[in-house]
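Have a look at these structures, which come just after this line.
Here subunit A shows up in two complexes: once beside subunit B, once beside subunit C.
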Partner chain A sequence: MGKLGKSWKKIVAFLRPSDVSLKMDRRIQLVKTIVINIISLSIFVAVWWGLSEMLNSAFLPRPDIVFEAFIDSFQTVDITTGRTMWDNILTSSIRVAWGFALAFILAVPLGLMMGFSKTFESFSKPVVEVFRPIAPIAWAPLLLIAMGGIVGPIIVIFIGVFFPLLSNIIFGVRSIQPILMDAARTLGARRRDMFVKVIIPSTVPYIMTGIRIGLGIGWMCVVAAEFLGAIGGGVGQYVQFKTEVNRFDQVFAGLIVFSILGLSTTELSGWVERRVSKRMGLK
Partner chain B sequence: MNKKIAIIAIAVVAIVVVGAFAVTMLGGDDDEKVVYWTPIGPNLQKEALIAGQIDGAITWEPFASDALLSGEASIYKWSNEIWEDHPCCVVAVDDSFLASNRDLALRTLKAHMVATEWIIDTITNPSSENYSMMLQMGAEFSQRSIEVVNSSLSNIVFTYNMTDAFEEWMEVITQKYIDLDLIQESVLETRGYDDVGDFVEKYFDSSLIEEAADIEPSSTILNAGNPVRLGYLIGDLHQFSRVVANNDTIWGDGKDLFEVYGVATEISEGGPYVNGGAVMNAFAAGYVDVGYLGSPPAILNHLNGGVEVTVIAQVNMVGSAIFVNDEITTLDDFNGKVIATPGISSIQHLMFLDYFTSNGFTVKAL
Partner chain C sequence: MMLSIEGLRKSFPLEEGELVAIEDFTLEVEKGEFICILGPSGCGKTTILRIIAGLDTLSGGSISLNGKDIKGPGSDRGMVFQEFALFPWRSVRKNIEFGMELRKIPPKNRNEISQKLIELVGLRGFENSHPHELSGGMKQRVGIARALANEPEILLMDEPFGALDAQTRNLMQKELLRIWQETKKTIIFITHSVDEAVFLADRIVVMSERPGHITEIYKIPWERPRDRASMEFANLRKEILEKLEKMVKVD
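Now for the complex of A and B:
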């Protein structure tokens, strides 16, 4: 077997999942993951490039052209929006932050109460269940008209984040092991103590899961709101304007920005979720 | 430990909220002159001005005259004062339709030519019965008063020939788009053109006007059951020739002018459209055979989007304006103001961009 063949065998052996070993170096595992990710993305880019060349369509620009548009969008002020991509990212992020904050402030206490008190749940559930199935994006046209292009998008994001967060918190409260509750009662815990010292801490991992899911939905909502008429810039507005002038290289650049933003916030919240769960001894 | 986590979580949320609020309140550079724009359809611009949502708008007739004669706005500049004798709307035909239905395309063009000549003749005879009929047609089409239509038609120059001056303007507009990075120069080569001059020469094909000149009326409809799909803009009196050609009371026998030349027509799917970019999108979607639209979107979407059409005639020159509220009387008054445009791919938007950027303003989307 030639040198290439031996090298390939070594690469495959390195990448092949091996039996779980307590002594496996985490750094090697991380490197393996990164290498596999790079190979996967490279194949994706190659396929994209090939398709673009084959179709020769304005709607599928080549990856190198998109990359150039991506870099350029950060370095120059765009003539259609009067903003750089940094400005647009800041605007979209602020919207998501506001919507998320409002959802968090409302969903956490409401979810805890609904999970803890059957009476409160019976009172709140009908209203919640009426609104929950409605896709948050469906609210965008109405909210943009009723609340304007500044507040409207924030409310759309709020709706998108609120319901997954609420559902997870309620589920978290219901998932508390009964033996914990019994033990607390046996030790003399009153209702308030149960709530503060058992229920709230136990639901923290579920809150984190709800945040992670809600943020993903929040980014989708901000896209829709900015497409439909948000005021003040944003990545979605950039994509919409570039679609109108048929600059599809810039459209793709904007979509990649959305992907990075969504991915980074959900990954960050996922990391926080894992740390919190580990710290609390739940994983 | 649990308290710590709760405190940290609350602190994070508080920092996010306060940080977002602080950044939201941060202002820009005080020395920078900024004018904001927002896309609003011309038929809604006057109402938006009255409601205080905007401080002005750039638009096509009759909406400029409508705003002026309503007393709610004044004209800051007519488009002729910004770009002297600029061309505006054109007739474009789908390339595949042209290839397979050349005769129909020529007959449609002939109707446009005859209608344009009728308008030019009628405008010079304001005391004629045709003039009253023309005003009535314009009022019905644009949903505006006779007075508004009368004012509008005096601000528009109707023509169909694509002269040397027209082609020079098309080169200027294309170059402006390249300079503003709305079109990448490299895309010319991608579309098969050597340079801007070559693009204009090939894309704007005046040979069909010469061919159509000799076409005679037809006693039969040549495309019965398969009408030519016409795309055009909402209430746009620039494209009045289409309105006149589609009128069935002028040309005899209850026929419109297209039918006189043997062509059945219908409005295209999704029409009428809010701007020329929408017309080009409709071309791309296969909804339009022959379209009336601004020359800049015809350029922009053909080069950027590869929409396969050819421009075969001019429709009008000039006939747009910037109208404003009473807070704006000078150029400096535009600082911090919001101006509506019909959309980013319209000639009005390009004119707006060009005018304000060349006068030291930063243009930002609202």
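Now for the complex of A and C:
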């Protein structure tokens, strides 16, 4: 116990933030975080492994088998779909990009106007509020029949991205400090100048937050849209086909791909968001 | 007479009746004068400044600049805020050039003017810094330069050094006097520091609590820089302080 206790103390002392210097402190904190992250993921995989051994069910394949299917999906052309995972990722990404672009083009001017003009807000708010509570996925079956397997999924994603983006922009315009508007007015700003030189720039960080949240939702919507008969593949379609042919290892591989795609999009847009805010001297 | 305020009255409607914030405020300001408006909080001194700036409307009386009634903000009046109110996404230079951009001054001239102002307020080397990188004193230097960039006739300053620590505050007071003497602007300066007012002003306008009105005007003909340690400085400061204290006690 004595020896074990001593080395345990050493580990704790290493992990505990010391007061040597702030920079050192932060580095230790980072190492600590990474170590804990690795431990938590390992426990997760171990539990998964244990469960799949215990249940011995085809619905929950072992992690190593899923990993193999994951690697394989990128390397070989699939027999049922005729595509590699790369093709599916590309297809899904293009859908998300289109849906997102449409939402962005519409939500930014609309949000700025709704935040800025009381009259315009009173005019457009009822319509927006009627549509907002409807889950984007609820539109999917109708839109896929009405607009087809190519445009349909894009519109589903559009609906998903549009509302969080719009809310964030309106909130951004409302959050402007009144004193900045006062300052601009004393410097000779008229309504138009106020819009272009004060409201738009100070809303940029909120637009960035809207983009990050919107993209996350975009990835959720693409799954649903692709389940319901999108044309031309996609990761969602891959997951559905694989469920139908009982290849649950490949189903899980597809789920992991979704996780990676969503996570990297959010991280990337979060990084851009922080960069933009810093460059603009905000937050 | 440059700025003329005649029987100014400001009231806010309440559920029953109204709240009179300022009553019968009359003041004539000469060109180049340094006026300090002094009073307890809630006496409406900031409101008066905002009315002169055109940010608030008056409820009665009249106010004119060079014989023209004031209707809304204009570039003939520059304002400096206690909270600085700098545009955080703009660099020091871009903050200073804001008003000139609006007045469609060509970039080359803009640059020349802003460079001169940067030198005037002592910010050389910080042209491309953003407000969040500056100390409070430096931020207010930007605020002053930004207001001056429109070449206003009057500089309206709303407790501009209220958010600064004592040392920076004293330094900024000296800097402001230097800038005032170099630019020969008319300044209306709001403060609740008697010391600050006695140090800066040609005339101190003392206001009472709500409804705010002028109780006294002190003319200070002394030369600058004024010596805070002198007898006359101490005596005047004491006299005004006692007057203000009495006002608060009555309440």
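Everything below uses one rule, namely that the second predicted complex is superposed on the first by the 251 of 283 C-alpha atoms of A that agree within 3 Å, B and C clash if a C-alpha of one lies under 4 Å from a C-alpha of the other, contacts with A are read in each partner's own complex, and residues count from 1 in each chain.
Following the convention adopted for this analysis, a contact is a pair of C-beta atoms (placed from the backbone, for glycine too) under 8 Å apart; a residue touches a chain by one contact, two chains touch by 3 or more.
As the structure is a prediction and not an experimental result, all values here were calculated from the model.
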Q) subunit B versus subunit C on the shared subunit A, clash or fit? A) fit
Q) Touching A:G188 in the superposition: subunit B (first), subunit C (second), both, neither? A) second
Q: Considering only touches as defined above, state whether A:T265 meets subunit B (first), subunit C (second), both or neither.
A: neither
Q) Touching A:A97 in the superposition: subunit B (first), subunit C (second), both, neither? A) first
Q: In the overlay, work out which of subunit B or subunit C sits against more residues of subunit A.
A: B
Q.
Looking at A:S167 after the superposition, I want to know if it touches subunit B, subunit C, both of them or none. Which is it: first, second, both, neither?
A. neither
**Q.** Partner chain in contact with A:V204 - subunit B first, subunit C second, else both or neither
**A.** both
(Q) On the chain A superposition, what angle, as a multiple of 10 degrees, is formed at subunit A by the C-alpha centres of subunit B and subunit C? (A) 160
Q: Answer with first, second, both or neither: which of subunit B and subunit C does A:L180 touch in the superposed model?
A: second
Q: Could you say whether A:S73 touches subunit B, subunit C, both of them, or neither, answering first, second, both or neither?
A: neither
Q.
I want to verify one number: the closest Cα approach of subunit B to subunit C after the superposition, in Å.
A. 7
**Q.** Set intersection of subunit A contacts, subunit C complex versus subunit B complex
**A.** 197, 201, 204, 280
Q: Write out the stretch or stretches of subunit B touching subunit A in their complex.
A: 1-2, 5-6, 9, 13, 16-17, 19-20, 23-24, 34, 38, 180-182, 184, 277, 280, 300-301, 304-307, 343-345, 353, 357, 362-366
Q. Along subunit C, where are the residues that touch subunit A in the complex?
A. 50, 53-55, 73-75, 77-79, 81, 83, 85-90, 98-99, 101-103, 130-133, 146-147, 150, 156
Q. In their complex, what parts of subunit A are in touch with subunit B?
A. 57-59, 76-77, 79-83, 90, 94, 97-98, 100-101, 104-105, 149, 197, 200-201, 204, 207, 231-233, 237, 241, 244-249, 276, 279-280
Q | Partner subunit C, residues of subunit A touching it in the complex | A | 177, 179-180, 182-190, 193, 197-198, 201-202, 204, 280-282
